[in-house]
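Letters are used for the chains, namely A, B, C, D and E, taken in the order the chains are written, and counting of residues starts over at 1 for each.
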């Protein structure tokens, strides 16, 4: 059963991703990307990451991509703004070929992975918000704090960059 | 919980606090750029001072180890790099304020972002955990992306920023993938845990870790602009405002090296020579590519950017030899970083000071007859160029000396020879500028060049003196640190890595 | 710790130069103080000359740690060979100043001249390879400045050319030095770049030594220059100001020779002997090649450049002749040629200063206007052509002896030296100085009193060394005997 | 006699020369010094040396075998010492005396000849410097020191030939003299070096060389002998290095008299005599020398027959006479050769001085065909010139007869008949061209109506003295056939060579033959030139007049050839090949850089792709590395 | 030896990652380039979550969560830069932005 869900979700994820890079219309791509994101959220749920499932939907689908769609509309981007890309399939093929060693290496590396754990979680409530919060504030305090700095930087950055042009 | 651990956090904290304070102050109209720069300077100096408290000792402490789960470390090594990075920040503020002031599109947020970048870099060399490093790297990078594109109505700035952003994100993702693979391989992202895992397992079990390490190395190579990941640097350096270019070219590189040295020496201590073969070619190609690129430039900014690729190549020579002679190679890298920091910071700083009025591109031709207009500035510029070229009596020579001798010691004589050839080519493009400054009659440009007054020239002059002192200084003058002192400090820094 | 005599000799000009540069003094003060400094240095070196003992050891040693991590020491010393060149430098420079007196250059010119002096004496006296390299490269900078700023013609191009050319050579030397240092470290476990330590290395293979030998030789061959590394020379000389070309020809080129003897010889004795025939061949070939090329030069400085190259090739042949005659002769010719060429360049400088002409065809009839200059010119010229009674003769004779000992045929060919220089030098003298032409030389002034003191002091030394050479030679003979017997192990030559 | 004074013989002229030079410079720069100061100082030097020479001569006569004075070690290398040494033996003192004597005479003459010249002091400075060098050459104790003098005289010759340096011709002639001499010196140095390496290490003075020279293998010795003789060829203007001497006549006439006739050019002969111990061992080289001498004599005489310049004729005659001398020394008769040096010095100096007097009198006219009829105008010159002409033509009892005849006798007795015949024929030619000169100059009436300049006493007195010399000097070496004792042979006993027995009748008949030969020459000259018709336009041309085009050939082969080679080297090889390679390496590098620069295309996707390729290659590396 | 399901998750994430790279390099549209980067981050997140489950450790999930934060911050900068760029040139084609092209090449 789980395998079937996984297959469906992964199919969606892949289709969405492929669609995202294939569509020439920006809006279509963005919508296609949402499919992937949602599929991934489903996969997180399959992987006992219930909190992440939520976050994925809220942040990605809800915030990031929406923001992007908002920008697209805000800038009033129309079809003619999209660049002409006659060679994009050939390009993709070439990139895919160049990519082969990397993928091979990654697969090979995971195949040789030492047998540390297994894929059946024994821990109860694995992945729920309590456990996550506990771990986050006990074991990952520093990154968590620095993430806030990062967000601050991004905040200033986007203000600086997107602010209306100032007078000389 | 020990409260005196706070002292090891102070450098980081004061920068962070400073950045936030500046962020809050910057929208206030009353605070001019000048005033903000003093605020920034205050926090930087506090940070520098608190960092200097532990100078001269070999120590390694994980402050608030329990709280931070050993993710943060403060040792001589980080202290050493911290001081360079903070100094980079100080110099950028001191020299750059003039530029920021003159090009009135830059606003107060620039100091906030600069301090955030410094914060990210400090964290980068102090973090003992890969994901924290990643965040630190992102903090620094994003600050820099924004700083480059700050003058957003200038298409060159925006373009440089955007290109750097795309490629930098690609590199960051490689880093993240590397971290993930290492996590997959060792079930931890803490450097010490990884090191102990690696030393207790067979190589066959380490495939994931090695691949992950390689991906991190690729990011490192990208950030220091090594071949074949160098293309962005020319565009980003040229696109950025000059003080930011200076900051990027010298300080960021230092921070990156601080991180990768800790990573390779501590983490991959057992495996550090697995990359020697490929890094060998990377080093050679980096030097050759940089030389080719630098030799025909007309814009000085581009020339310095290209030459910074060459200097990356020199550093990689030492990085290659880390595999066989860890200590002296690492020491030589640390020393060379100081040398390069001083020289390139000085050269870029000088350019930014000169260009602050109205030049966007500073070309060779702009310097024709410069020595007749501003003799002292020309002399300082010459010192920086000579140091970059590695002419004796400058710190650049000593740095190259260590690098080459390390290469020969570890059996990479070929690298030393290629390095020599690159140096030889570099003489051409550095001396061309000196020739232009000195050998032509005085031009009609006196009005445009800012006078030799104020803080920026003073700072640049101090750096020139440091370069000379680093090149000839010795222990003859009692109680005054010379070259030996610098080397010993670098050695302490190296040793402190293995105390944790 | 006290400051040693050699340190004083090396660094006094540097200190004075910086002080002068910083203080707001005019050109005249700078010049006068600079001259006084060189005189003081001369007196200091004179005291070394007289206190020099007749041994083959290094004397007046100074030894202080510099970069202890890598065993680099501030290590100075003098032996017979370097002593004679030291005397040469410290004598020539003040005399040269007297000639450059009237050049209306900025004070940077004089400061650079002082810096050059520091560079050359430093390179001459250092016994630590890194220290040597340090000075060797440093002296290039003031030369770069002097030629580039105060030169003429296509000066910028030629300045860059000489700089890049010589730096290329010295960088190869740097690699070789480093390689030796590492080899020493691997063998003995400590770092050192002392010459006396590096010669003890035994682990290097023959191939390695050969490569290192050529690494060193490239640097020196470019500086000297040996065929075919000479093309920078002609352009540089013809575009240099008088002071620059004076320093280049009479001092810096000699340091190339010195470097071979001081470093290459003890470090690679086997290669030195093995490749000696090739270098002797190159030397003798260069002697003829440059000599013939000099014949038809139109620019006086270019002709002198070829002439210098010719003589320097001859000196090179001498030092590779592997016997005491050739090597002492070479040492002697270093001095003789430095004085004579230096003098000629200085005299030519005054001609150029007064007339602004550098092509031979534009001159002529100077002898009538300036008899003293003509006399001085003739005396220097006689030394160049090796007329008996001048030190040029003694040295050329000894080198011919040495080369004859080396190989009879080479010796016979090298005797052509009596013809080579004479042919173009006398022709030059005829066309440029003696014979009157339609050219306007009315602006030509004769030597003033300072110049006369300068040039005739040189002439006196030239003739003194030619008439009583033994008094000068006996100081260097033990050193050269030491080189040949103890280091090269070829014997002094029967 | 203290041997220290040997050094003073050299030093006095040297110091005098320095003083004269300084005074001259003072004079032209600051304040004029009157000529008589120069004259006094200049004349003092050779005379003082002459007196010293005579004193040494007396000392030798009284039984001293030789004087040696070695003031200091000139050079000491590898334990081998070369001293600055002076040797006063019979040969060198003989040379000293006649050099200083002739020198003194010509100094006196020159004081008149150069009167009023702007370079008066300079002239005498050079002159005295020449004396010093010549005396050093003569008195040196080792070949090396001799070489110092040897080159010194060459330098002085150069300086004096190009004395009036504003005229390019003079300087060119001076250069030619110096360079050609240097070619000779090249040979000399080779000989010297070879000698040093084979025997010189045992001691490099003449006595040591003489003692050990037999250790040298004969082929080497032959090489040394030839090489040294090349030096002599240059200095003494023998084939093929004679070309400089005629041109050297560009110098003032006293210079020609002193240097290019009487003294310097005989240095080669002296040198061969000095090395007699060497040449005695290699008679083949001696014969070679003799042949060179004979051919030079003949060749120069032929050229002299058609010359018109009075000094050039004398110059060729000098070459010719020097050839005689080499015949003698080549055949081992060193004393005979030196005897001819001795007599030749008198009559040739006289001839030049006479010619100089004529030139002065005719306001610097040198073409004999523009003279004529001077007998009445300057009778003293006429008489002295006649004496000298007779002497050179070998008419008894004038000095030239005895010396020349002895040389011919030597050749005959050595059974070198070819040389003998050449010598005899040359004697005829000599008489012919000398009397041609004499008749054309003094007889006829070409110049009789024009004004002739006055001659000062200082020019006349040496003429008279030397005329006496030219007449009677031959009696010093009066052959035994006249019942006299050959003073020269006995004085230079060591150099007289093996005694060759000769019948008196044979000797007398040979003498007669040579006298007849001379008279034939005079006769022809008388017929052709005694009443020379100057009105007839003379057209002189042809191969002989143009000196067989030897100068042109040399010029074409050596000078032009070298110049072409020089241009080839500096333009084609240096600039065109070597520098081009250097420069194209650098420009090629820069161009390559421009190509590489295309990678900085500002194309983000290309950059990213490039990165991807990099990552991919890292992956490949790892795949290979990890297996 | 390793469960198929684990490898299938990993494979999926690697595939997504590759697609991201392909999109990043072969497309000219700035937005798609940006989304490709986000896709790659998502792929890594999937990997991290998978590992988290595999190791039965929360670390992977926490990292994944923070990666999302990083992605958000990058998004902010990215999008604001895009806005700035578009204002300047009114083009979404990345190839139109080539003012920094090397001059003076052959």
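The criterion applied here is as follows: a residue touches a chain if its C-beta (ideal position, glycine included) is under 8 Å from a C-beta of that chain, and two chains touch if they have at least 3 such contacts.
Source: prediction; values computed, not measured.
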>> Applying the touch definition from the top, give me the chains sitting in contact with each of chain D and chain E.
In response: A, B
> Hey, which chain is the most central one here, using CA centres?
Replying inline: C
> Between A-D and B-E, which chain pair is linked by more C-beta pairs in contact?
Replying inline: B-E
> For chain A, which other chain has the most distant CA centre?
Replying inline: D
> For chain A and chain E, what's the span in angstrom between their mean Cα positions?
Replying inline: 7
>> Taking the mean of the CA coordinates per chain, how far is chain B from chain C in Å?
In response: 43
> Where the CA atoms of chain C average out and where those of chain E average out, how many Å apart are those spots?
Replying inline: 65
>> Report the inter-centroid distance (CA atoms only) between chain C and chain D in whole Å.
In response: 37
>> Quick check on chain A: which residues sit in contact with 2+ other chains?
In response: 91, 95, 99, 102, 105-106, 108, 110, 113, 116-117, 139-140, 143, 147, 150, 153-154, 157, 159-161, 165
>> Show the residues in chain D shared as contacts by 2 or more other chains, in ascending order.
In response: 586, 594, 597, 599-600, 602, 604-605, 608-609, 612-613, 615, 617, 619, 622
>> If I count partner chains per residue in chain E, which residues reach a count of at least 2?
In response: 21, 24-28, 33, 55, 59, 66, 70, 73-74, 77, 81-82, 84, 94-95, 97-100, 102, 104
> Tell me, which pairs of chains are in touch?
Replying inline: A-B, A-D, A-E, B-C, B-D, B-E, C-D, D-E
>> Considering only the defined contacts, which chain A positions touch chain D in the complex?
In response: 91, 95, 98-102, 104-105, 108
>> Under the definition above, what is the set of chain B residues touching chain D in their complex?
In response: 159, 162-163, 166-167, 170-171, 174, 207, 210-211, 214-215, 217-218, 221-222, 227-229, 231-232, 234-235, 274, 277-278, 289, 291-296, 425, 428
> Mind pulling up the chain B residues that touch chain A in the complex?
Replying inline: 16, 19-20, 23, 67-69, 71-72, 104-105, 107, 109, 112-113, 116, 119-120, 123, 127, 129, 131-132, 135-136, 138-139, 142-143, 145-146, 149-150, 152-153, 181, 184-185, 187, 201, 204-205, 207-208, 210-211
> In their shared complex, at which residues does chain D touch chain C?
Replying inline: 25, 28-29, 72-78, 84, 144, 147-152, 155, 158, 162, 165-168, 171-172, 174-175, 178-179, 182-183, 185-186, 189-190, 193-194, 196-197, 201, 562-563, 565-567, 569-570, 574-575, 578-579, 582, 586
>> So in the complex, the part of chain D that touches chain A is made up of which residues?
In response: 605, 609, 612-613, 615-617, 619-620, 622-623
